[in-house]
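Some notes on the structure that comes next.
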């Protein structure tokens, strides 16, 4: 009997393989859409099941290993992110995918993500993690070898870190499934409180924590392991990046949550708390804070539209990490909320980027401009996405950001609070850069025949934009689901309102009063004189006549002053540090790549199995 | 009427032109003439971010062809024309033209006229410096200092008005002396009071502008010229003194009463915008000191212009053939006139050498490269570029 | 019935805020003129300016977003106004969250920037660049100041903070919040667009920057927006740092309300005056210097305040 | 829609009392603008202030003689201003050339190219004269006779013809393209 | 006399030139047009640091342009005029540029070219737009044979203020 969890996990992969085999335009798209839609449908159906029972479990035994899967509220939320954004990304790929190769690996990575979210033991978690990494790596490899190499190196680093951590755990616990591991660590915590000997020493615990942090940090793109992300996000199919950044990075976030689930109690008792926040979470939170700032500042200085959003993704993941790191129930809820909204708006953004690149064929900001007139639908979507990312009420980006702010500041963490404020401003900054360079200003004449978004992309964008608006005006919908994870009313209020006790946010009132305000302004506007449309050359140029021959838009180095202010800090680049290390690692990496990540699925699987067996033997 | 960019492009394409932005790495910024920082002068800037990559000065908005017009007007009438070359201190073109003409004529002007001319030139310098302080502080954004400077300048305007009958264009110095005598002793007293008053107000400007932390940050290291560069480019006046060259026409080529007066020529070595500003600030103090001395000295007796029968019939006033070069120190620099006469009642050729032609075109273009857009007005103001004397 | 009452109240608040905002603009001009030793315009001059701008007979546009950005800016400012407690009369003061208001006070600028940038004018582009970097620069001290408040009072509700100050005394009487207030006041200088941080418009450098293309009714709406924003910003500052005002000494609620408004008005004017005096005596920073400045002293002051408040 | 004619007196009052000046110093008269704006004369009393952006300005002060090169910029700036807009010419030179009556590079009759509402005589007109001119223009706005912007619209062909005669057809494009070769010379720079 | 010594020294180095002292702090040289670069080099070596202006005088009767290079020496505190003559026909009025000796000369040469049509060979910015706008081909307003009144009447289309018979008018 095939369980619904198996369908959720393997439907995309199956569709991908089918699309790969039946390499016929039209059919493969249809298959792929079905492949992405089926898990979504099953997940929606599972919602009702979850209302009556706490979880849906399933396990299979395969050559001695027992693979366990579970769907409960937390994994349902994350799987829904994957479902919605993955579906939208697949819709987008209908327009942008070039061949069946992309379909195979895009859908394979979706399978990997589902597997990670639904896994209930470390071994299946790891295997699906690697499937996801491998598939996304193949997607990058197709577009850019160098970027993929960087991604590969850091992924391998993360993979080994995780593998070693799993090995250590298995050696001591003797089981892989989350429940046992969690129980052991819980008992350990109790023992350490009572002062008796613990199974894991303090140093081992730190090691496991550090290894997991590295593994998940790589995937999430945490500073200073973020260096792969800008290249990998930008050097692939941009519709796929919607999934890559929107969903795959959430696997890293989910991993951090797994740290909490498995090690949380032990770590908390071992290292203590600051206020209500665990000390070990501080590491995550501060890494997150630095990630916000570094990612945001670098995003503002990019000249390539894809790079800008890649760095922006890094910056937004930082928010989620801050929320997770603070570690109170409220802040974790806020972090998951932000994970949802990040997936929604960043998925939307990358679909917009995909549309722009698909229609214009340009990626540099200096080649664009004035597209709002030519691509009104895409621009409308971009408008929603911009407002959402910038955290403008009443869109979803504000609700989640607000929760993180309140959660963090309420825990008396001034420095993190400052970082968050800086992060929200830097969000404004790079979004304006994007808006100005792409949508406004003088349009290069070669873009004069640009058409609007193709239908599938438009539909995909529409879905995400709608959710951005709906979850913003009615933030209670999401908050209600999040409360179920913890099983208590952490965020009170109606579906329109978030009530924390020390702060309230009502999306509906804001919408109403914003509409009222805009109406008042519009009345004043429409009472005024009729407007006349003028071209870009008929503007203030200090009195001089200009023609379209002149370049009137700041296309390059828009934030040069910022660059100069930060010149000292920009000189310190982790990317370059890694490159220096990498220059001698490169030969090794090339060899490794030749033998391992050579695109041969079989060899890869065998290799992993061998490593696992060796580790297991060594551990025992 | 809907005109959009698309229509413009379509129209151009129908006419067989393919419009392409010049260079997508940089953009063009037209700085002036309709801009608060430039008087009727234009700089075309090629910008990268907020840095200037290339600057092209575009003068000529104020060109009226004075040098040609002067050939059509009698010797004395030209005074009424040529003073319009330098609007902030119109006495300077009057003085140089008169001095050159007098040299051709071989006239020595009476002592009283010399005293009056020196006083008028120094008053013009003070008023021009106050005007410059106003310009600088408006560009820097400290409007208070600018407003005050313009208000103090009004006191000098009132004195000018009593002396010459006009606020701005005095038409006062003529070949052979000055047009009319000092009105009365009260004027001298007023001059003394005004000088004291302005001197008492200088600390205010120091606090607001010249010793202000933000001014230092804004002007330090901006638009640096070194000595060699400044000399090669023919820069004169406070601008060259800020690079360490003590060249002041009043000392180097003394005229009028300057050999008898005691004053210092302030020289700074840095050559940046701040040094130029400070040199001007010190010179303002020196000029006030000179005026004090002049008032102390008092006007000598005697006629205020050359007694010559030919001056009775000015339209038929003829100057013997010959040529002469005369120059004075204006606040902008070395202001010179080269006058050629062929013996008729009109000059054969008048060439005015405005100081800004040296520092307002080539020097400006070179100093602006690499400057921030916020520095452009500051550099422009620190050079004290006067467009009319470029354009003539 | 409640809807009508709310609407009436909102209208009254809006009219009051607009009027007082215009008066503030007039006060700025008059006081500046007096510092310059001039007579200055009549106090109602900004109103005349706005009427004139709105009554212009022709107007231009650069596309839909050029119009919508302006409308959005005014709408968002009205929205922000409704959340700030105005004594006992505000509409949504229960939802007047510190962070929400901080965000709401910033988003009108985003609307203006959208409109300005859509004109395609390079000066507007430069202005947008400067405006955004100013926003980025002020955000750090501003954030710390807000964090200090939130941590000191343990609540984010502006109204509760006001009420707490009625019993505990003004915020600035305690050291951490005094530091925060100093930093916030420096930030206000940039919010009002006064020297040394009027970098965004800088008429002598970039010819009003983002505003350069606005004329006629667009500029008129922006004037109204500026007036309301001026009112809202000073009101917010008076509320969170200067004790706000909730007067219940009189028997009649109307007199109480009026007294509250008068007290608030005095505090707001004081905030404004400080800004004018600072603005009158300083030259303008360049944008990178401003960023460095804000990231140095005000940040240190505000961070010190926030850390003290957290302890 | 509302009948705005009812409010026209209010609008006229506002227009009269809030004249924003284009910051364009076209000639030597610009030197008298700072005194006018500062404490001795203080035009801000009447609600006037200089404004760098022509889009929001009402009053265009032609401060002195106009050369053809400047006139091009004046026309462009004038057309950027929104209606109603007023032009005040400063001094004798824009009226008939003044001292530059025979100069080869000064416009003789400004009102052939753009409509002028008020002309102040004199060279250079004293600030008091300028203030008198402003008073006059305020009166004219009140009476509704300051209608230069209407005339420009109605007689656009006439003005356009004069401009084109002076500068040649297509002068805007020609003027704009003049600088392109000098901005483009990347090779020359190196 | 100080000035006499300077003149003698320079003339020794540049025997092709003629020179004299005009008065205190004023000296004057006359050089043939083709040697101008050598002579200015000599002057620069003798510490005439500043070039103040290049004046063109149009001697219509002689059919020649007189170019006067106004030099100033800060060291000697002396002004020197360097005169040279070239034909005034537009195609023959060519001079070598002295931009490489005195960079400031570039601007003065542009000025002279704009108003008199003297072409300075080697100056790249010769054709760059300078002060005059929309110049008619071959029309150089500061030349003596430029019919200013006729030009004004033609260009600005006004006739009322000119007295046609008065050739020698005064205002």
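Just so it is clear, A, B, C, D and E label the chains in written order, and each chain counts residues from 1 on its own.
FYI, contacts are C-beta pairs under 8 Å (C-beta built on N, C-alpha and C of every residue); 3 or more make two chains touch, one makes a residue touch a chain.
Please read these numbers as outputs of a predicted model, since none were measured by experiment.
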Common touching chains of chain E and chain D: B
Contact distance in steps, from chain A to chain D: 1
Far-end chain from chain E, centres as C-alpha averages: A
Remotest chain, chain D as reference, centres from CA atoms: A
Central subunit by CA centre of mass proxy: C
Of A-C and B-E, pair with higher C-beta contact tally: A-C
Chain C and chain D, separation of their C-alpha mean positions in angstrom: 35
Separation of mean Cα positions, chain D and chain B [Å, integer]: 26
CA centroid of chain B to CA centroid of chain C, Å: 43
Sites on chain E at which at least two other chains make contact: 129, 132-133, 141, 146, 148, 171
Overlap residues in chain D, where contacts from two or more other chains coincide: 23-24, 38-39, 52-55, 67, 69, 72-73, 77, 82, 99, 102-105, 171, 179-180, 182
Two or more partner chains touched - positions in chain B: 22-23, 27-28, 33-36, 47, 49-50, 58, 60, 63, 65, 68, 72, 147-148, 151, 372
Chains touching one another, given as label pairs in label order: A-B, A-C, A-D, B-C, B-D, B-E, C-D, D-E
Residues of chain A that touch chain C when the two form their complex: 369-370, 372-373, 390-393, 398, 402, 405-406, 409-410, 412-415, 417-418, 420-422, 424-426, 428-429, 432-433, 435-436, 439-442, 502-506, 509-510, 513-522, 524-525, 527-534, 536, 538-542, 552-554, 558-559, 561-562, 564-565
In the complex, chain D residues that touch chain C: 4, 7, 10-11, 13-15, 17-18, 20, 23, 38-39, 42, 44-47, 51-56, 58, 81-84
Partner chain E, residues of chain B touching it in the complex: 58-60, 63, 65, 67-68, 72-74, 77, 231-234, 236, 245, 247, 252-253, 315, 325, 327, 334, 336, 338, 340, 348-349, 351, 353, 357-358, 361-362, 390-391
Interfacial residue positions of chain E with respect to chain D in the complex: 124, 128-129, 132-134, 141, 146, 148-149, 151-152, 155-158, 161, 171
Chain B-facing residues of chain D, complex: 22-28, 30-32, 34-35, 37-40, 50, 52, 54, 65, 67, 69-70, 73, 77, 99-100, 102-106, 123-124, 126-127, 179-180, 182-184, 186, 189
